[in-house]
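Chain lettering (A, B, C, D, E and F) follows the sequence in which the chains are written, and residue indices restart at 1 in each chain.
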Amino acid sequence: MANAMLLPVLLSFLILPFSALALTQDFCVADLSRGDTPAGYPCKAHVSAGDFYYHGLAVAGNTSNLIKAAVTPAFVGQFPGVNGLGISAARLDIAVGGVVPLHTHPAASELLFVTQGTILAGFISSSSNTVYTKTLYKGDVMVFPQGLLHYQYNGGGSPAVALVAFSGPNPGLQLTDYALFANNLPSAVVEKVTFLDDAQVKKLKSVLGGSG
Amino acid sequence: MANAMLLPVLLSFLILPFSALALTQDFCVADLSRGDTPAGYPCKAHVSAGDFYYHGLAVAGNTSNLIKAAVTPAFVGQFPGVNGLGISAARLDIAVGGVVPLHTHPAASELLFVTQGTILAGFISSSSNTVYTKTLYKGDVMVFPQGLLHYQYNGGGSPAVALVAFSGPNPGLQLTDYALFANNLPSAVVEKVTFLDDAQVKKLKSVLGGSG
Amino acid sequence: MANAMLLPVLLSFLILPFSALALTQDFCVADLSRGDTPAGYPCKAHVSAGDFYYHGLAVAGNTSNLIKAAVTPAFVGQFPGVNGLGISAARLDIAVGGVVPLHTHPAASELLFVTQGTILAGFISSSSNTVYTKTLYKGDVMVFPQGLLHYQYNGGGSPAVALVAFSGPNPGLQLTDYALFANNLPSAVVEKVTFLDDAQVKKLKSVLGGSG
Amino acid sequence: MANAMLLPVLLSFLILPFSALALTQDFCVADLSRGDTPAGYPCKAHVSAGDFYYHGLAVAGNTSNLIKAAVTPAFVGQFPGVNGLGISAARLDIAVGGVVPLHTHPAASELLFVTQGTILAGFISSSSNTVYTKTLYKGDVMVFPQGLLHYQYNGGGSPAVALVAFSGPNPGLQLTDYALFANNLPSAVVEKVTFLDDAQVKKLKSVLGGSG
Amino acid sequence: MANAMLLPVLLSFLILPFSALALTQDFCVADLSRGDTPAGYPCKAHVSAGDFYYHGLAVAGNTSNLIKAAVTPAFVGQFPGVNGLGISAARLDIAVGGVVPLHTHPAASELLFVTQGTILAGFISSSSNTVYTKTLYKGDVMVFPQGLLHYQYNGGGSPAVALVAFSGPNPGLQLTDYALFANNLPSAVVEKVTFLDDAQVKKLKSVLGGSG
Amino acid sequence: MANAMLLPVLLSFLILPFSALALTQDFCVADLSRGDTPAGYPCKAHVSAGDFYYHGLAVAGNTSNLIKAAVTPAFVGQFPGVNGLGISAARLDIAVGGVVPLHTHPAASELLFVTQGTILAGFISSSSNTVYTKTLYKGDVMVFPQGLLHYQYNGGGSPAVALVAFSGPNPGLQLTDYALFANNLPSAVVEKVTFLDDAQVKKLKSVLGGSG
């Protein structure tokens, strides 16, 4: 339909009909410096392709620690491009014998995709305390509903790696042991609200650096 | 599993695997000074336990007024900790013969819990103008769907008190009489849009401080 | 404006202009028999005032149990009127020495209002494992953000009662101890994902009826 | 790139890569017969172009009534194609001297576009009972925030017509006068919750067909 | 009930019971100068009736261009009053032979209301690539689900005009041809991802001002 | 605190305090047989661990087709466990020279994680038709905002594989070429709304199996 002879004319005309849309919000890359709101961070004024890209998950996390595992997040704090988009990710590295201890994500569901090795994973429902558990091999996917306790550990003889995606840009990560033992919550209170024995509480507080 | 002898080593290792999560948003206490957004106020940078606590509902409202009732809010403006959490509260004190006049909450549903006395409450559906009404005693609960006209009044011989919770941090409160008679909306307009008589409108405008 | 002499005529005319709105959805009382959807239960066809009223919180829960506490819910399952309204409630009865053990609500924030006695309450953030704790007296309010671990216990010498409201009709309640010890999750797994000692795990599994 | 000689081969190959997506939900035309859910009606199994089309707003409403106005809705009940799409519409016909009386939409904001004549419109804020009012001519737009009291009336010497759009498929329409006077809410209660005089209440109950 | 003799007394009393609600958010007119957030713009501190009013759609768009059509938006960027209200609008002017080319709105569904002339409109589903098309006359309404490709063109012998409403304040407008040909996306890439011939791509890049 | 001697007694007591929560909704596995709602499928009555697990992404898609690529979805239709959880996934296999052609997801943002090979990916903004493009290697992540046109193609000398996650359980996939050429949309209409030449349209209609 378009005729090349008309090009110089067409160009100026064609652009006019939709010229007033400058403020359209296709995305909202986080400007972390301005602080958060309940819906996420204010939008950065100038963006480039790099804002939608993250390299941090390409590198294996360091599993030379007690749990022999590492969680490398690509949440909004590390990857501002996901702000407002309802999604984020993380990399799980779990050495042989390693474990990602019992935890919840208060603000997102999780989808785990195994890229290497064997992972045993489970979550526990609130209604009936039912345990849902699976052995996952390379290429398998498992989903963990928002806010429910779950865990993953290496179930094989070689390192395991997984990509996890979250249904929000800032899912949070509350490790039960850290919540109980890695702070100044008094041992007496921990014991009262968990039924754990005093010796057990004090031992884990010591391990995880808690006081009280 | 953890061995006390390993503690100094474990401590440093254990904390590493999850150290990059500093920006996680568990909550967003309102920084009221920076103004609102459609999703609520920007988050305060530094919070303490006091931000999640409110004492203002412990004190009875002053019911020495014409309606013999008082509404004491714990909305985001009074209780910044509820910002972004989808909930807020208020205290209702209704003296004998008192009434919380016809009103709506444009931005939340309401759940009322009677802590003292007897309250007669009702709401009106939009579809069929059906009235749903109940006499509520201590411990009873009633729910009022978002945006619908409702009222409460003391139905007994002693003061009534209720806690009301809302499904949002800033529910709003539009009292029909105040909307019509406590401002400068011209009497002729009020009459046109309500079918009320001129004398009635002028009387209530006078009572409620309206002009025009 | 309206003139009484015109009434018979007006009546029929006035109703006509808005007669086609029969399907308006002011509320959606749950028809529990038809099963849930991600947004709540299908709406009951015929409703009455009783659907928006609940008496179950007027009665104290039985605290003659190990934890000396009782949680009486008014969630959608007990109180179908809250379906789709973004709110629900529960009553907490905590005898002297009683405790509501460490738990989360995966699907709602909680607002607690003390109606009697003294309650010590706290929650733990995920980002820094910070503990936010308060002693609450009659009339005090505290808010617990969605999905975060929290607890309440009686901090006084007389029974404590609280009304709690939730920012959703079906908040869920995941008690950490029940999730770990009241099911068939093998002790070896519990130990692996919590760092708890074998004897501790087996003891609590036994107390809470778990196996494995 | 595609070469016409390869067409028979390409056809079968090209379709394969994306063949498993049969359940994608692009839209959800309401199956009104199966009843509502909090998020709208279940989806109709088979749809056609006619489901996304509505002719009902092309015809002027009958304004031969007391208010000399008519509201013709294209809500989900009349126009099932808007189900789940966050939008609906209505046509306003207001004869000379006509009025759409004071009302709210509990479940949507409204955007009004004048297609003919002159409309005087206003809404009232809840915070300060401030009146926001405008005279609107052909082509003018005004927006009315969700849940706030508002009204429209013909401000000129010829019939006025407007298209109104809503930010939800089922906005509701609560006319204050109908809620108060067109049902069996006892006059004594109406008077108590509105401060209106008994004679005024009884007069309007009579006009609008209420009892009690 | 109210007695004029009591007015001076009543006035002060009546206002007290609800005096603490100053921060209620009935609306949130955009303060465009402060930049966007994922939920919309921060709220303007001081508003007036003019903020809820827009005149820009009263004037016909200039259709003296290649497509013989004009889209005049009343999105949040032009009409800050719709911020946070889940709705916006635009005016379509389509001259005889004119067309609004194939496009999507990434962030809203669209409801089109024909105010003049005849419009042929269609959208295409993603699941089965089914085309849903209608000829629309004055007063007809059609709805276009969020994110799906659609188009409109004048199907009659006189100019056509439509009001379109959107289910969000900032719907976006992605014209397929502009996305492909009006930028610096290399021709080789365009050809690779569209199967279009090189000559075709270069011709349209030239027409629409693209490079590469 | 718990004493083994008390166990038989404790067991019955401990379970009582929270026994009334049977209807809690932790998740809502899709019962696909009952049809969709705007918020997703009704919940399956009985679930097991297998409902939260999907094996289908472990197997490489067949790339022996014209585009030398395959998209293997794990949307709610294939993986009912993601229903209501705001997340889903897919596997991308792109052979050397292969391409996932220009497309949008109307109902979700996409996060792509390269597990093997090199992928060139880009998306185009609606506001300014700006192209955001990146070369992605193993371990790299890129995010594509909801509803915007984007593409991926193999940029290396070996097969590429990626896991993509979506911010919704049913993201949709609208391939521009299929929408235009793989159906019965008349060529004249395609040409009118795209500016493409007749020969080009007919060629691609033929390749993709369209008619008209």
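Keep in mind that, in the parts below, contacts are C-beta pairs under 8 Å (C-beta built on N, C-alpha and C of every residue); 3 or more make two chains touch, one makes a residue touch a chain.
All figures in this text were calculated on a predicted structure; none of them were measured in a lab.
Any chain touching chain D that also touches chain F appears here: C, E. Between chain C and chain E, the least number of touch steps comes to 2. Shared contact partners of chain A and chain E, listed by label: B, F.
When every chain is reduced to the mean of its CA atoms, the largest separation from chain E belongs to C.
Separating the centre of chain C from that of chain D, both taken as means of CA atoms, is a distance of 34 Å.
Chain centres here are Cα averages; for chain A and chain D they lie 40 Å apart.
Inter-chain spacing, taken between the CA centroids of chain A and chain F, is 18 Å. Touching of two or more other chains is recorded for residues 2, 21-24, 26, 37-39, 106-107, 126-127, 133, 145-148, 172-173, 178, 182, 192, 195, 197, 203-204, 207 of chain C. All chain pairs that count as touching, in label order, are A-B, A-C, A-E, A-F, B-C, B-D, B-E, C-D, C-F, D-E, D-F, E-F. Of all the residues in chain A, the ones that touch chain E in their complex are 2, 4, 6-7, 10-11, 13-18, 20-26, 28, 31, 37-43, 45, 83-84. Residue ranges of chain A in contact with chain B, taken from their complex: 32, 35-39, 61-62, 64-67, 69-73, 75-78, 106-107, 170-173, 175, 178, 182, 203-204, 206-209. Of all the residues in chain A, the ones that touch chain C in their complex are 99, 101-102, 104-107, 122, 124, 126-127, 129-131, 133, 145-149, 151, 153, 172-174, 176-180, 182-185, 189, 192-197, 200, 203-204, 207.
Considering their complex, residues 1-2, 21-24, 26-27, 47-50, 52-55, 57-59, 74, 79, 81-82, 85-89, 91, 108-111, 113, 115, 123, 125-128, 132-134, 136-146, 148, 163, 165-168, 191-192, 195-197 of chain F touch chain A.
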